[in-house]
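Once you've had a glance at the structure underneath, I'll fire off some questions.
By written order: A, B and C. Residues from 1 in each chain.
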Amino acid sequence: MSDNLVEVRGLKKWFPVQKGFIERLVTRERQFVHAVDGIDFQIRHGEVFGLAGESGSGKTTTGRLILRLVEPTEGSIVFDGVNLASLGDEEMRRLRQRMQVIFQDPFASLNPRMKIGDAIGHSLEIFKVATGEEKRQRVLDMMERVGLTPARFFYDKYPHQVSGGQRQRIVLARALMLHPDLVVADEPIAMADVSVRALLLDLMLQLKEEFNLTYLFITHDLATAKYICDRIAIMYLGLICEMGTLEQVYRHPQHPYTQALLAAVPVPDPHARRVKRLPKGEIPNPINPPPGCRFHPRCPHATAICSVEGPSLTEVEPGHLVACHTRFPA
Amino acid sequence: MSETTFSPVDTSVDWAVRKHRSLWGDAWRRLTSLNTARAGMVIISVLLVGALLAPVVHHYDPKTDSSLRDRLKPPSGEHILGTDNLGRDVLVRLIHGARYSLLVGIISVGIGLLIGGILGLLAGFVGRGLDNLIMRIMDIILAFPAMLLAIAIVAVRGPGLNNTMVAVGVVFVPIFARLARSMVLSIREQDYITAATCVGVSRFRILFRHILPNTLSPIIVQSTLGLGSAILWAAGLGFLGLGQQPPKPEWGAMLSDSYKFLAKGAWWVIVPPGAAIMLAVLGFNLLGDGLRDALDPRMQT
Amino acid sequence: MTKYIIRRLISLLPTLLGVTLLVFMFIHLIPGDPAVVMLGEHASAENVKRIRQQLGLDKPLLLNFEAPAQALRGEIGIGEGVKGLFDSQYLGFLGRLLRGDLGRSVHEKTPIADLLKLKFPATIELSLLSMAFAIAVGIPAGIVSATRRNSIFDGLSMVGSLIGVSMPIFWLGLMLIYFFGVKLGWFPTYGRLPVDLSLERVTGLYTVDSILAGDVRALGLALKHLVMPSVALGTIPMAIIARMTRSAMLEVLQEDYIRTAYAKGLSERTVIIRHALKNAFLPVITIIGLQIGGLLAGAIMTETVFSWPGVGKWVYDAILARDYPVVQVAVLVITLLIALVNLLVDISYAFLNPKIRFE
């Protein structure tokens, strides 16, 4: 068995731009949103792999591609040696037991008409693992483990009757019910109150040890990523621009975009000098991404070649990959 | 189990939350706290009692009911709401007419809900070509104004209560189809549906266990308001002589039977049936508005 | 903008085509032989044959596959075969409509188009006046309700509008006739003008015609005849407009820019008229547009009650007389008219809404 739980190769997802019936008759060319535009990375067993970037960078789509909630346009995803594209619907449904997801908004990800206990235990019934009293007992156990105590008090409640932090715990419990290998966490704490964020992150780390989990942690917040991730990939407009261990990326960022993002992270020291090198302007339109390096219109170091040729992801030191022509060590 | 035995671990536990109360219980509590909804429920209860009890308590045969001596008598102790041109007691006929309004309402909304609901669910859940096909047809039906469509259908199929129910039902089909489809489309994009997919729930089960129950609230609201519209339209058809036929005491037919006696000053043959129609419609409108507020998911926090 | 209008027009076409198909199929929903049903059981065979021919009932419904089959067998030419394919009832119906030939009434034998020209203005006049009444009462009532929220006036007008939307308009019409016509004798109870009064017909809108003729007495009479039907027909839209205006105003009045306007020291009058009303108007206009459909359908009831010689009464009489070609045309005209009005509302909405930009 290889080290890697997930291997992503040349992954692309283009969404067609919706048009009216008449317009489709009139205009020939079809337009696409280049949500994910050819990325490669691996997630190793037992690590927390971070995927960071602004909104619209394609990080969420990447997560959904790995869960095969959307079908890739191109490229392959290999999960524990199995190529997901080769699986039929039913096989995929079975494999889903081994990969679970946690969304940003725990309220939206809970069916408002299902009791909390039923929502958590739903997967047990689906895969006929346990029913009746056994199911109830297992659910109660899991609820205790994620800190939903007293479990019996919460079992028969509805999602709207508990607090936001508790809802995120419910979602965690539901995800862990079938003992998955991989948990894709898409901005899991973004909606939580600041006071409970750290608690939730600690809980996630603790559960990772208990259940032997691997996380794909998707976030726009580099401070959060720093707290939980082992390795991280920075995405910009559907491409990875820098990837490496936490140390490599945070200590020695090589890509101007990474540098800019890190410069924007607040530092808890009022005297610390901050180098303001924020990118100019907004993230460009992913329907017509800029030619060459996608970051060049906003890059302070752009040279002539940047607007012509896109840089490829190259290894600058073992395990540290950067896609930049100029590479400005900070 | 009492709440005091709990030891709070998570400081954010909301202890104000009372013991398990079902979602419907919450909605019912909100509904009964609204004055308008209460008024609606009272009106509808009266209507229900009239429709269900009248045939049991008192046998009424419209064919033999007539008393030529008592023609067009104004309200009096003997006939509280007076008599019509055939000497029939207006109040008795009014009470016995309740069942027609209720019947038309329930059957036609049922037809619309069943056919429209299924079409809408299919359109929203299957999507693509089927969605396009179904919704284009619904658009075409919706292009006709409701009352005109109902009149046209009854006009070709012939007058009568059955055709009235069918005609009004057809009018409801696109309304419910649109509602069901838009509900499915919006719910389908919710994270909890994606989450259910991830847990391995099959498409079929997602539709029935997760999507369908969440479409209930708006459908209940629309059905209640629809009952009001159906009663109004059916009475209109009755008034035009296209609905339930005299001598059956359907309210619209009662009006069309006797409005020519207005010139003789016989207001009592006109006021009660019309007021009954209006109150029945008002009752369902009030209840429908109240349900909309009570079932609003934004209020469930 | 032009591009947007053209796009909307094109997107309307499939629906309109579907409407014509449905209206056409209408005759075929009649149980039994439509020609016999229309003429009655005792009709002469000759007459039945005439009607069958007039309606083309002998031809196939949608497409005539017999012709190309014959052409393939070499019995007729290929050109004729292709042409014959389209020799069907529906396409014939559609073709006649496009040429402006609306057919003939079964009983009166008059061209339907002529009858339509006669009846149409009466309905338009009634609808316009009803709408004017609905807007003139509904919008101010809604504004006052919103600004004096929870006052007695607000309560009364909201109860009134709830009753208004639940009102059977035919009953309201009868009550108006009884009180203001029979009891008080203020208004005439039927028709558009006294029968003995003659007015030169120019537009068919009697109010306009009487002004054109300079006939003040006729104008007064025409208006008097219009009052009760307009009130009856306008009540439901009035109630809906009042409710919509109120809720749109309430929503706008909560906005920060209204608070800012008050904070600037503007008078309540200025704030409500210049700031709130302007922004509350869009949803109100939409709801007004949507009422047109109900108005034209309600015209059937109102015109029947008040013997108003418009399209509504015409449809009703045609239904009773089983004059289905007339019913077809009237239903089609009303439906097409509503589709056009809705399109106009959409376009004006887009035009008025500064948030919508046209590429």
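For this structure, a couple of remarks:
As a working rule, a residue touches a chain if its C-beta (ideal position, glycine included) is under 8 Å from a C-beta of that chain, and two chains touch if they have at least 3 such contacts.
Please read all numbers here as calculations on a predicted model, not as lab measurements.
If each chain is reduced to the average of its C-alpha atoms, the one that sits nearest the average of all protein C-alpha atoms is B. Counting contacting C-beta pairs between every two chains, the top pair is B-C. For the pair chain A and chain B, the distance between C-alpha centroids works out to 47 Å.
For the pair chain B and chain C, the distance between C-alpha centroids works out to 25 Å.
Each chain gets one centre point, the mean of its Cα atoms, and the points for chain A and chain C are 55 Å apart. The residues of chain A that reach two or more other chains are 21, listed in rising order. Across the interface of their complex, chain B is touched by residues 21, 67, 69, 93-94, 96-97, 99-101, 103-105, 108-114, 122-123, 126-127, 147-150, 152-153, 156-158, 160-166, 171, 174, 177-178, 193, 196 of chain A.
Chain contact summary for the complex, chain C toward chain B: residues 14-16, 18-19, 21-22, 26-27, 29-31, 162-163, 165-168, 170-172, 174-175, 177-178, 182-183, 293-294, 296-298, 300-301, 304-305, 315-316, 319-320, 324, 327, 331, 334-335, 338-339.
Touching chain C in their complex are the following residues of chain B: 36, 136-137, 139-141, 143-148, 151-153, 155-158, 228, 232, 235-236, 239-242, 252, 255, 259, 262-263, 265, 267, 270-271, 273-275, 277-279, 281-282, 285-286. Of all residues in chain B, only 1, 3, 6-7, 9-10, 12-14, 17, 20, 23, 132, 190-192, 194-202, 205, 210, 213-214, 297, 300-301 touch chain A in the complex they form.
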